[in-house]
Each structure stands twice: as C-alpha cells, then as structure tokens.
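Chain nomenclature is as follows: A, B, C and D, assigned in order of appearance, with residue numbering initiated at 1 for each chain independently.
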C-alpha cells in the first residue's frame, strides 16, 4: 500500500486552493471539478446547496433574468426576541451575509428561449424560511404568471415557516397556495423543483403541488423532522426515509433529475405546453 | 396596534354606510371589546393551557350539541377513514351545512383511535372530499379547528402529509361555497391550516393559533422545551393578537369561566356568530366568493418594501 | 339441560310455516320476525337478499313507483353456449323464475315526498349480472335524473359482468359510468347503496362512485374473488375482508346503515340537496 | 354480420360525402379487409396465445420506438408509483401527446416489479393524474392497453381496486382532450377498460379484448380451466368480432408474421393509424368531444326492447 499512502500524503500537502472534501462522502475532490459540476460531487453524486444566483445562472438563458420585487424585505411584526437576540438583528445579519433582501429571488427570463416566471429560494437566508416577504414575492410571481399566461417554476430550499413572524408565516402557506390555485384554473403550468432541503411549511404548501414535481437526487424532502418522528413512534426509520428517491417511490415526485440535465428537461417539459 | 379612540373614529366613518363595512364593523367592535377588557391578567402560556383544557367541547359535542341532524360521513375513498378528522352534513338553526373538524375524542379509547386529533394525510383528504361534496350539494362549510398539529409519524410521511395539507390549501381556495373556519381550541400549525382557509376565520376567545407549538419553538430557539412559556409569549398565539394581525376576522367571547365550564353557552355564542357571518356570504356569487377569499389571504403578511 | 333439549325438540316438531333457520348463523328464528324485519336476522343482524320489488316496497312512498323501460330484456349477441347450455335458455329461465325482464328494475318515485330516480338490482336474475340490457336501463335512469335534475339512487346486488355477453358486458361499465359523469357535472346527487353482494364489474363501475356510498351491514363488496386472491398471494385473508365494515375502515363507504333505518337516512341525506 | 357486398354498397353511398363519414369509411374498409382474408385458419385460443407472445412490443418499446422525446412521469400523488402502468409526455411524428399504458416489463426483474402489467389501484390513479395533466397542457392522450387484468391481491382490495377503475371510467368520460386507446396485446377485463375509454378505440389485429380471461371463464362456466379454448371461442375476444360489435372502431393489421416478429413494422402501422384518427379529433371543441364520447359509449350493447 505504499503507493496509496504516498498518494494520500501528497494530497494532504496539496493546497486547499486545489482540493476540498465532499460535504457528504468526505472524500477528497478537486475544487475545480466541484465548481464545474455546479457543486455536484463526482464521487457520490451529492448535490450541494446552490445560492439563488448560482441557480438562476444555470437555469435561465444568459442575460435574460429580470428580477422583480427585489426591495421586499423582512419586517418584524411580532417584535420577536428569543434567547439569542432579536429577529430584527437576525434578519439584518442575513441580508448582510447574503446580499439578498429575502429568502427567495423572483423574476422572469427564458429557458432555451421559452419564457418563464422563476422563483428561487436561498437556504443561506435564515434557512430559506417562509416569511411574509417570501410569501408575498412568491404570490406576486404566481400572479405575474397568471396575468401573462407564462409557466411558473419555483425552486424550493427551505427549513419551513419562519417562526419569528408567528402566525403570519403560517398564513404564507395559504397565501402562496391561493396563487397556485389560480394558475390551475387557467391551466398555466407550474413546475416545482424540490432541492435539498425542502421541509415543514414549504413542503406543506407550494412545493409539493406542482403540476409536475421534480426533485434533485438525494434531497431531503419532509413534513415532520426525523427526530420528532422517531420520538413519536419509537422505532427506527428506513435509511432513505424522506429522500427524493423515497418520495418518488411513494408517488409524490414525477421524476428525479440530475443538476446537469435540469435545464434541458425543464425546456423539454415546457415544450409540451401548447396553449 | 390602534388605540380604542382610533378604532372608534373608524367605526364612526364606517357606520354611515354599514352595508359596505358589515364585516369590518363587527371586527372593530370585537377589537374594542378586547381592548376595553384592559390589561390581561392571563399570560399567553396560561391561555395555551386553557385552550388544551380537557373539558373543552370536542367535535362530537359541537356536532350533537350545537348542530342538529348531524349525519357522519366517512372515508377518503383512497386509503382509510381517519377518525382524527370527522365530518358530515348537519343543520345549524335549520340551515343545511357541512361541518368538518378535528376530533380529539372523549374517552381514552377514542383519544387513542383519533391520535388526540392529530390527523394523517387520509384525514385531510377526507376533509377535502367532504368539502367537494358540500360544493356539489351547494351547502356552506363550517370547520372547527382543534389540533396540536398533523401527526408526525412514519405513515404520515409515507402517504404524503405535506402534499395532503398543501392540496387542501390549494383546493380550499377554489371551493365555490362559503367556508367559515373557527379555532375552537388548539390551532396547531399546518395541521390546523389544512382545514383553515375560509371566507371568515374566527377564534373562540380562549383558543390559540400558532405556527409552531410553544414547546417546539422553545426547543429550537431556546434549545430547551422548558422555555415554552417564553416562546408562547413571543409567538403571540392569542386571539387578540391574531385579530390585530388580520389573520382572524372575529373573536367569539367564551362564557364566563371559559368554554370548558359552559358548553351550552359556548355553543350559543359560536352558533350565533356563524349564522351572522353566514348570512352575507350566502348572497355572494361563487366567482366573487373565491375572488374575495383570494384577496383576503393575499393581504396576509407584514413586510417592508 | 332437560329444559333446553325439550325446547329444541319442541322447535323441531314445530311447523316449517312458523320457524326457519337464518342463512348466516343457522339459528332458529320465527319466519314472521324475518319477514317483519324485511329479512334481517334478529339473532345475528344478517341482512338477507331482497328482491327488487321488496326493496322498492320498503324504499319508496307507497304507490309512487312508476316503472320505466320494463320491456328491455336480454338479447344474445354472441350466440353464447357453454358446457351447461345456451345463454338464450338461461335468460329465458331467469325471466320466468323472477318475473323480471332484466337484472335491474328502474323507475321513479318519492321518499317521504322527495322525488328520486331509482334503480334496484335483483340478484335472482342471473346473479344480478351486468348485461347490455341492465347497463342500458341504468344509463337511462341516469339520463332521466340528468334531464329532470332529480337525485339518482342505485341499489347494487351483483356478481359482476354477465360474461355470456362477452365484451359488451364489459362496456356497460364504461357506459353506466359515462351516465354518472354527466350527473357530476350538473351537481345532481347520486347515492349508491351497496348490498350483499356487490362484486366484480359492478363494484368497479357505478356502485363505488356514488357521491355518497352507503352499505348495508355485512355485505360482501369486492373487486376480485377471495379465492382468486388467496391463490395469487398464497396467504390467509382477514376475516372481515371485503365486508362493508372493511370498506368503511379503508375509506370507501360513507356509512353503514341498517335496513330498518335506510329510508329515513336516504331522506335525511336528500334533504341537504338544495339546488 | 354484413357480407362484403353489403359493406361495399354502404361504402359507395358514404364515399359521396366522405367528410361526413370519415371514421365510418375507415372502419368499413378495415372490416372488408378482415372479411377478405377469408376463413380464419387461426382459432380464438391461438390468437390469445399470440396476443400474449413474449416477444410482442411492450410499453417501453413503443415509448422509445414509436414515439420520440418520451419523458416518463411517476406517481399517483397519494400512495405509490405503480410501475405496472407507465406514462409521460412524448411526441408522435412531432405531435405532443401524453402516452399511458400497461407495462409488462422486459427482464425478469422488470416483470416482477410490474406484476406482468397487472396494475394496483395506484396505477389507475397515476394514469388519471397524467390524463388530467394532459388536459391542462392541452395535449391528446394515447393509451396502450396490454394487461391480463387488474392485480387480484390483498393490497389492491385494501386500497380500492374497484373504486380506482370506476373512478377512471367516470373521469375519462369527462376529459376534454382527445383520447385514443389501442389494445396492443391483452385487453383483460376491467383492468384494460380502466385506461380504455376513448374517442377512438382500436386493436392490433392479433390482440384480444375480453370481459374475462378464457381460463377464468372456463373455470366458472365449464368448471375446469382446461376448457379455456372453448371459452375463448365462446367469448369472441378477437378484433374482428369487436369491430362487428362496434366496441372497436378500427383494427390495425400487424405486419406479416405478427407484431412480435416485426416491431418496427408494427410501430409504423400503429403510428399512422393514430395520427390519422387524431387529426379530425383535434378539431372538435371540448364540449362536443365529451358529448360524442358519451354518445359513443351510450350506444354500446345489444338488447331486446
């Protein structure tokens, strides 16, 4: 095993500029490979989290994105404080850290020439949580799709409702779904893309009621948390529990699509819409 | 957060054309009453306890005590009959309605069968089936919300708890008959909202409605369930707060001592409130009804722009 | 046990005009009780099979039934013969034995004053099988309900499609359901009452798609036969498998109603229809 | 049971206004072809064997061989993804369609996963979900029928096999886009009909379509499965019989030697038949389309009156 050891040693001495560890399988991979594949591990196919802007970059035709409602940002309707401080401060910090005003970026653009309204959640912004501002932006995106009869695509990435906004965050579930309902009535396609993670109040609202639900491989998609369930039922859960693959098997997603093929498949699906 | 004075001014303006502001006037009156009752002596956490009181009326108490002619209908036509949500045709003061609600059960055995009112996806799908039946029969829908939340189990995830609730949110937005929802005890998260999208949303005065249980919130944000009273305070789950946030249209005062101490008084108060709200709703044509419901939920939320 | 023996002996000596055995629990019951309860066993609650005319008698207000399409009777489109003879002969024999022309009797009447269109299957007529004639009569009943906006009630009692009419019997499933579909579109209530037995092609068409599905207690309601299933899965089936109670538990019937309360409940349900 | 002469007379009349009798003319031509082929040398039972031939094209062969751009869509959004029924968007000669069919599988493992094309209720519910999706996208529906029947098991009964099929019969009657169904192998009973309610129903010439399998029929009426050949004869499950009984609109001749011997030839024949039938259907407005479908199935059956 001399070869292996020396190779391993060589790796460890190599600069962090070149190598990184996969967040999932922990294997060493080239940073360049990771970036070129848009954060998919070449060893284990782990689909890493993307920022909203990275996602928009690989989804829409270059230069076609026009952002909408970018000025919407969190208020603090409950004057919420917890053990670690105030919601106001947390929100300000998230805005500073991400350069975003809310947990979702919305706008319009084209996919291989096909116009779409797009909403992309960003997990970095308070765990992609669903707030009044996020709900409002998603509703407006749906309304835009409704008014112009353009298909709507939403990329979800969220830990659930933003509890710092109390009951108002819960109401965003009803609000966004009311927007989706109007699209149904007008037969305007809504494609939901579920990415890692899509849980809680987001999974229980717009994310799971796409006309077509697509998931990225290996994403966590859940209503209740695994720990809560294990405490309730006092029983071990299957290994693939609450993954994309599990949801496919149970009938809740139409297909699992690799990140590298997502744009092409979205285009292919949209091309069947002929009204 | 208006003062009584401001509210009274609004009321004066609206009273000149009451036919336009019917609902608003009633909401403002409720708000004034709640403000007049002065500084609350009861904490949020104490109200949570009250909302969970074991002697509060449960679904069957309402079904047989407040309504007449209740005929229970079972099943989701897909997988099972989840008893945690109960429903059927009934009459309220002679008016035909479909009544649907979480059923916590009364006996130990019933509570077990009903998972204390925590429903599975099958329960939400059954509720939607009954709502579509109400639409077909052209009768209004009355929902009674009383749950800690949807049941967090293997079965629920397997059969799509998230999808079942989400589907109800979409479909309740489309239902063409009036829907009046009342939180009569615990309004717990998505499990409550799953039958909670209505033209009017009301709360009994000692009920609570929250995005997460105080215990759950404390566990996450305080890293310890024992801070539940602090979380309860922070989440503002009480009826007055929801009225101010415009999530709830009306708060129905419970009889002195609370609903648990006076079922008959509670039924009378809730019944007259539902009938009062129902009358104008029944006059609205379907397409306008769903448009108004859409506008109502569209307006929910507070953000900067 | 002298008393018991003598009592038993007494029974056995009693005339068959007074006593009978319950077809289900085998206990001795008074014939008079059996008839007064419309063939429900006072000992085990077994709901015996009723003829179409008996059913009509206990469902509609006296003297209100007007029969429709009574002249429809079986043809023999396939010139079908099997080991035991021809379909033509079997059909003729069934007509003679029952006094009916087909396996269903249809018409109009009132239930406590509420007008309904009624179709009642009769198991005596070739096992209540679904034939071209039966399908036609049920479709016409549905069309009548559609044209006049009157609620439709169908009592099912059938072993399934009448295979002597080959593919045409299968098509009656689509044909009757097409009639039900039109009622849905016009929001006209259709109440399906499933009685013992409702199986095969009848369970897989109009009988299970009522806006409200009611079952009599203990009825066999099934798609595939128990024996076929046991052969396929090689495993013992639950005792209550394919009973009304089993279907209630699995979400497929709205309620189980005792024969003695059926008319009152039907009236109560109809009273909620207000268009 | 017309003679060739009679048919030719009809044809002559209809040919004067072909735009009125488009479908009838084609049907009569098929019938003449089938009559001309003279006394059948193949028995009903032999055709049953042929319809079950292991080398006949299965669903995936059609999806990838006859269509292009096939994108499979999974799941019933209720319980599972039943692989015994497969479906998705695809193009037929460039035309966007939704194609749905029983999938018997090709490898041993696939056959097991797919229960040899015998679907559970979940399969029928998935099919209906895809049909509603087709309606939303405004694309026609093509179904390919190839099953011995719905799967007779505990699971199926538990989850409502009967209801799932019946629901499809109701909903297929309401679908507002054109539906063309083709029996490509075995058309077995309710399990076949569950995706078989179309504006046009066609059969490949060596396929069979029957209310019960010959084995099942023999078991009941002859009290012994070994009389299956007699039952097959009596049930008249062959394409020509169904054409005469007006259950089928068109029979598509398979290439010489049968579909199993020439997949490409089969795809070409079926494809051109579907495209030919589709063209006039696409011009009909939805409300007229469903009315015509209703009339078509209303007319099925032969009885005395």
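To be clear about the criterion, a residue touches a chain if its C-beta (ideal position, glycine included) is under 8 Å from a C-beta of that chain, and two chains touch if they have at least 3 such contacts.
Keep in mind it's a predicted model, so treat the numbers as computed, not measured.
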{"item": "Given chain A and chain B, the chains that contact each of them", "value": "D"}
{"item": "Of A-D and C-D, whichever chain pair has more C-beta contact pairs", "value": "C-D"}
{"item": "For chain B paired with chain D, centre-to-centre distance based on mean C-alpha positions, whole Å", "value": "49"}
{"item": "Separation of chain A from chain C, taking each centre as the mean of its C-alpha atoms, in whole Å", "value": "53"}
{"item": "Averaged-CA centre spacing for the pair chain D and chain A, given as whole angstrom", "value": "41"}
{"item": "Distance from the mean Cα position of chain D to that of chain C, given in whole angstrom", "value": "31"}
{"item": "Sequence positions of chain D contacting 2 or more other chains", "value": "77-79, 159-160, 163"}
{"item": "Junction residues of chain C, two or more chains touched", "value": "184, 250-252"}
{"item": "Those chain pairs that satisfy the touch definition", "value": "A-B, A-D, B-C, B-D, C-D"}
{"item": "For the chain A and chain D complex, residues of the former touching the latter", "value": "184, 187, 189, 211-212, 248-255, 265, 268-269, 271-275"}
{"item": "Chain C contact footprint on chain B (complex, rising order)", "value": "69, 71-81, 89, 96, 122, 126, 133, 135-139"}
{"item": "Residues of chain B that touch chain D when the two form their complex", "value": "77-79, 125, 159-160, 163"}
{"item": "List of chain D residues in touch with chain C within their complex", "value": "150-154, 156-163, 165-167, 169-174, 189-190, 193-194, 196-197, 209-212, 217, 220-223, 227, 230-231, 234-237, 241-242, 245, 247, 293-294, 297-298, 300-305"}
{"item": "Interfacial residue positions of chain C with respect to chain D in the complex", "value": "69, 71-75, 77-78, 80-84, 102, 131-133, 135-136, 139, 161, 163, 165-175, 177-182, 184-185, 200-201, 203-209, 221-225, 228-229, 232-233, 235, 237, 241-242, 250-252"}
